[in-house]
Amino acid sequence: MFEKNLLNLLWILPFLTVLFSIPIKENSPNLKRFHLASAGVVLLSSIYLLIQVFQNTITNPSSQIQLLYETKLNWLNAISAKYFIGIDALSSMMLVLAAIIIFTGILATWRLEKGQKVFLGFFQILAASVYGVFISFDLVLFFVFYEMEALCMYLLIAGYGSGNKDYGAKKLTLTLAIGSSMILAVFLGIYAETGTWNLIELSKIALPESFQYYAFPILFLGFAVSSSLFPFHFWSPAGHSAAPTAVSMFAAGVMMKMGAYGCLRIAIYLMPEGAKIWLPYLLIFIAFNVIIGPFIAMRHKDLKFITAYSSISHLGLIFLGLAAMTPLAFRGAALQMISHGFLTGLFFATIGMIYSRTHTRDITQMGGLMKAIPFIGVGFVIAGFAGLGLPGLSGFVAEATIFIGSFENPSPLCRVITILAILSITATAIYILRCANKMLHGPLVISKELLPKTLPEEKFIIVSYVICLIILGIFPMPFAKLLDSSIYPIYMNLIR
Amino acid sequence: MIFNIPFSDILFYIVAVFMIFAALLAVVSKNILRNAIFLIATFIGTAVLYLMLQAEFMAMAQIMLYVGGVVVFIIFAILLTSRLGEDYLSTPKSQKIGALFLAMTFLAITLNFLIQNSNLLKNVSNATPADSSLSAYGIRLLSYAPDGFLLPFEIISILLFMTLVIAITIAKKDDKEEK
Amino acid sequence: MNNLISHSYLILLLPLLSFIINGLFLCFRHRKMAAILSTSLSFLGAVFATIISVNFFISGAKPILAFNYEFLPFTGTLVATIGCLLDSLSAMMILTVSLISFAVHIYSIGYMESDQASGRFFALLSLFVFSMLGLVIAPNIFQTFIFWELVGVSSYLLIGFWYDRPSAVSASKQAFILTRFADSFFLLGIILLSYITKSFVFSDINALRLENFAGQMISLGIIEIPTSDALIFSTLLIFIGGWGKSAMFPLHIWLPNAMEGPTPVSSIIHSATMVVAGVYLVARLFPLFAISGNVLEIVMIVGAFTMVFAAVIACTQKDIKRILAYSTLSQLGYMMLALGSARVADSSIHILGYSAATFHIFTHAFFKCMLFLIAGALIHQVHSNDLNAMGGLRKKMPWTYAASLIACLAIAGIPPFSGFYSKDEILISAYQAGHPIIFACALFTSFLTAFYMFRLFFLAFHGKMRSIPKHPVHESLLMTLPILLLTIPTLFSGFLFKGIFHNFSPEVPLSLAKNLPSATFIPPLAITFSVLGILLSFLFYASKKSNPAKALDSDNRNAFYKIIYHKFYFDEIYYAFVRQFILGGLASFARFFEEKIFGTLVTFATTLIQKMGVLVRKAHAGSLPFYIAIMIIGLLFWYFASNLPLQGA
Amino acid sequence: MTLLHCLILAFILFSIGIYGVLTNRHLIGMLISIEIMLNAANINFVAFAYFKAQDPTAGTLFSIFSIAITACEMAVALAILIAMYRKHHSLDVNNQEKNHE
């Protein structure tokens, strides 16, 4: 019962925090402390839930999807939508990822001077929406949370961004809206076909094959919009470059994973026949992400553009894992979701810290930063190494699993793209090293006095991410086993 | 032939012609005050028509509300906002022709539908005088039986109240202007 | 014994501990502490490694799987583990790596004394040793790859140790990217191999027989090939990984440029770690290579070509470290050649090639490490890498002089120094395997080796001082001691360990070659060639008539010399390739596609929507007549549409 | 007098209202035209209630409601007109459109 309430509290607590923070004075240090404490509580409870889920998976393994701590209440009776939340292995891990990124995101805005109250308020609502997405097992509830997040993103980027923020925010939100409309259309279709929104019930019903044939690509691409799959990736560079640090961390770390999560959890799970028909064709889009993405990153000078394209290529790997449709590849994709969440969070956090010191994101105008701010420099390099798949950090585990898993799919196109993806890891190394060398190494361009030392909260952010990357990189086995328990039912639906 | 037509029909035609003329004048007259006066004539014609359709209460309400309320209101507004008859705003002829064409098209289409429908050629009413008695209206309005109209009645009363407030708020002079 | 083996995790743990403690706590403030800690841990590691490997060889040399920690299960039998496999090969490597790392650690205390960042240096050095040890004890190919990558990254960090020097930074980047490029093929090879064999474990992979896969087909995307061919193909891919790591031609250019790092780093990279990883990989997977058709021949040809190529370049260089770098390349070529020459005919294996290669790894490690340490000592005194600045150091640094004479004799292949024994076996192997041309190349290279090594030796120590050092030249104890220590294995490892290496034999599935031609004439022949090289070198650079300054002049030379001096312009070709083809071609095209073609499409779509929006917005200006007109027109449409025979009624 | 007659009358009135809305530039004039149109709709209600309805009382009550709502609408509309007049000193529709842009 305690866990059940805790799960409900996960998304209610941020709202309550916003409510109670209204009377606190603007710019008072208590405001951010209060928000941080609330995010900390959510983080701790999500970790607690993860441990509970883990113990449950160990004690009674099952081939069915195991939904724990579910709450089911009547909600919108007119369309028989229910308030139905629960947690399983995959969602509990995503929850922890989101909670860590939200927590560090609040830390990253610690020195925000203007409008901290509104920023933190919206950031908490953003947090509530992602927690909601990961725990809701009712399509309507899922969609409500999914939409809430895009709106908050717009306000945060347009209000607190840098550079061409209006353009970036609009591009991001409108593109996401295209995806949402596609998702909504298919959700309505599913409801019309079956009369239920319940994900667990739906997974037991086989949707008609003709319906799956039309609906699957729409739903999959709709989710893929927020994960920036090829034809819909254009929001990502503009959006990331405009967003403030915390929002970039969130967008790349959590929001882009929500799309992939939806693809796996809803699109492939509910429409296995459609997946079998369409995913081999979607591999062509994935090829763009995986192979051309790093080459574009090589040609950019703006740190955030580089990271945005690096995210695009890494998300391509997630989709490669999904499209390969083997249990190992699915697990690799899920691992990559989490691993990439951490590494991209670290990337954007360090970029924000560097930007706040140098006031430029052009790598050709920087140099020798390692001398002045070694802590941040090392953080960036570790993120880079995780990105290029260095063993010992999480990226390698995920990428190796994806490659081995997707190679098991004997379809010719899948093989070709897997081979090309493996070979393209060199390109990843090129842009990451080029970026690190231009920025961190060489003689110091800006005088050392202009670069303040690393602040304690910045050190905390970097250290916490690095610990996550290393834990996932050195002890991947429990996480892999945990994810397998969630992924197996999805795979069983595929071969049914 | 013409004498075979019952009196009620003759009366209907007279009222109809009167209403059409009054409405036309209310629309095309160049003086805005005169427009309002002809509107009264139209409303009175409507009231007579209601009487013929056994809706005495409606006729009364029509006279009281429209003639006594709305049109007076309009006239007040005219007097408040303009010098009498001096602010005629001319419309270009092309717009008039276009408007006439549109209005005629609308009429033609709707009449075409009406004439095709033979169900409408019904002379007999199934309404009894008791149906349109004041007490029947009262009972229905205040009944909370399934066919009662208590809820709409209450809603309308709230709406009227809101309208009152809104109208006052909007028409009130701004604080800035007062200064 | 068993007790010791069960503690074999210490092999990995000691350097890892040193890395973690140094990296986290001692790196910035306590430089001295860092040096002492990592050196003492390295000493412990060396002692432990010696005990383990000695025990191992005494107790009969049977392979032992000391521990095996499950890292990540994939499907079924495909499980990635981190373990420790002790067999002859890995025991030998553990010993070499630990000893050399200990020597380099001691040396670094002296060498890095004045560097403010030496704490970081010791941390990274420990990481490097950790990764190399992890690589050599790997019981499965997945672990090999893990530590292979760690070796790559720690070498990147060490080569770019002085990160404020642009040349060091670009050299480290080049080293990492080139090896990474090769590693991507390695990873592909591993995935293909594990897909076919369903196992990462070396013992499973080495037990493969091509006949088991008769009739099976595998799709590689575009083409479908027999599984046995795919197995051979994957072997080739794995070899490409070793190709890059061991800097075989044409992926060799990172190795000379990697000299930008501190000299102890060059020393450890070139002698025992990193570059021999490629050779080690081939030796480790030797049974797989043995069954895989012509792959061993490719190994041999690549090795032989690199051997000659690098030796020729080494004869003209002026930078002392670059000479040594090219000599390393050449020696690696020897090892690859030896491994490759093991395949005599289609169905038989000549085991001498394998043992000669491993033997050469062992002996080469000591004398090459020593040579680099000597070079570092020289550079430390004259503050220049250039031979122009040296000369006449014989009297100032007598101990170093003596040690370098021993090392040069060893690498030149003069008995009784260690290099002679291993090189001799390589020559015999090449001859007996029936590759006369390769044999001639090897013999010629042995002549060249003697020539360029003694060129270095004479130019550095003999003649007159060509520059006046800022500080008085002296030998510091901490830097001379490891050099002198290393003379011991250089002197004795040859004839002491020859027997052990003869017993090295991988479990090859093919039959052993018999009736090999007698090769007793080879040792005297090799010695003759080496002595000829030394004499020629003496004539050019140390006799009374010679003029070292003129010999070092690179400007007034003929075109042929210049081409060699500029390393056949491979650096330039490489940079042009990267600039023009990768950055300028592929990446530019990708960005062009993204921004111009795709971006235009997106802009077009948005403009279209915006234009439609403008159109609709005009209709929403709040004009009541317009609304009514539209309403009536709509009615009209509806009227006509309802009268159309759409339903076919 | 049949239902058809009443409906035709109502539609003629309605068209006259349309014509008025389209041609009048004076806002009060437009309002008057709209009143005529609403009146026509009310006639429809009553006529249908008289000739067709199962429950004539309810039918007539509908038109009572519609009258009430019309009254509300008129009150608000006139209040807006007065506020507008105070601001722009004109009730010309064309002027209002210009002010919009």
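Each chain gets a letter, A, B, C and D, in the order it is written, and its residues are counted from 1.
Criterion: a contact is a pair of C-beta atoms (placed from the backbone, for glycine too) under 8 Å apart; a residue touches a chain by one contact, two chains touch by 3 or more.
Remember, it's a predicted structure, so these values are computed and weren't measured experimentally.
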item: Where chain A and chain C overlap in contact partners, by chain label; value: none
item: Between the pairs C-D and B-D, the one where more C-beta pairs touch; value: B-D
item: Centroid-based (C-alpha) most distant chain relative to chain A; value: B
item: Chain C and chain D, separation of their C-alpha mean positions in angstrom; value: 90
item: Centroid distance [mean C-alpha coordinates] between chain D and chain B, Å; value: 7
item: Separation of mean Cα positions, chain B and chain A [Å, integer]; value: 62
item: Centroid distance [mean C-alpha coordinates] between chain D and chain A, Å; value: 56
item: Touching two or more other chains - residue numbers and ranges from chain C; value: 625, 628-629, 632
item: Junction residues of chain D - those touching two or more other chains; value: 18, 22
item: Residues of chain B touching at least two other chains; value: 95, 98-99, 102, 106
item: Chain contact topology (line, ring, star, complete or other); value: other
item: Complete list of chain pairs which touch one another; value: A-C, B-C, B-D, C-D
item: Chain B residues within the chain C interface of the complex; value: 95, 98-99, 102, 105-106, 109, 112
item: Touching residues on chain D, where the partner in the complex is chain C; value: 18, 21-22, 30, 93, 96-97, 100-101
item: Interface residues, chain A side, partner chain C - complex; value: 234, 292, 295-296, 298-300, 327-328, 368, 370-371, 374, 385, 388-392, 396-397, 400-401, 403-405, 407-408, 410, 412-416, 418-419, 422-426, 429-430, 433-434, 437, 440-444, 476-477, 480
item: Chain A-touching residues of chain C, taken from the complex the two chains share; value: 28, 70-75, 78, 80, 142, 145-147, 149-150, 153, 156, 160, 163-166, 169-170, 173, 176-177, 180-181, 183-185, 187-188, 191-192, 194-195, 219-222, 582-583, 586-591, 593-594, 598-599, 602
item: In the complex with chain D, residue positions of chain C that touch it; value: 621-625, 628-629, 632
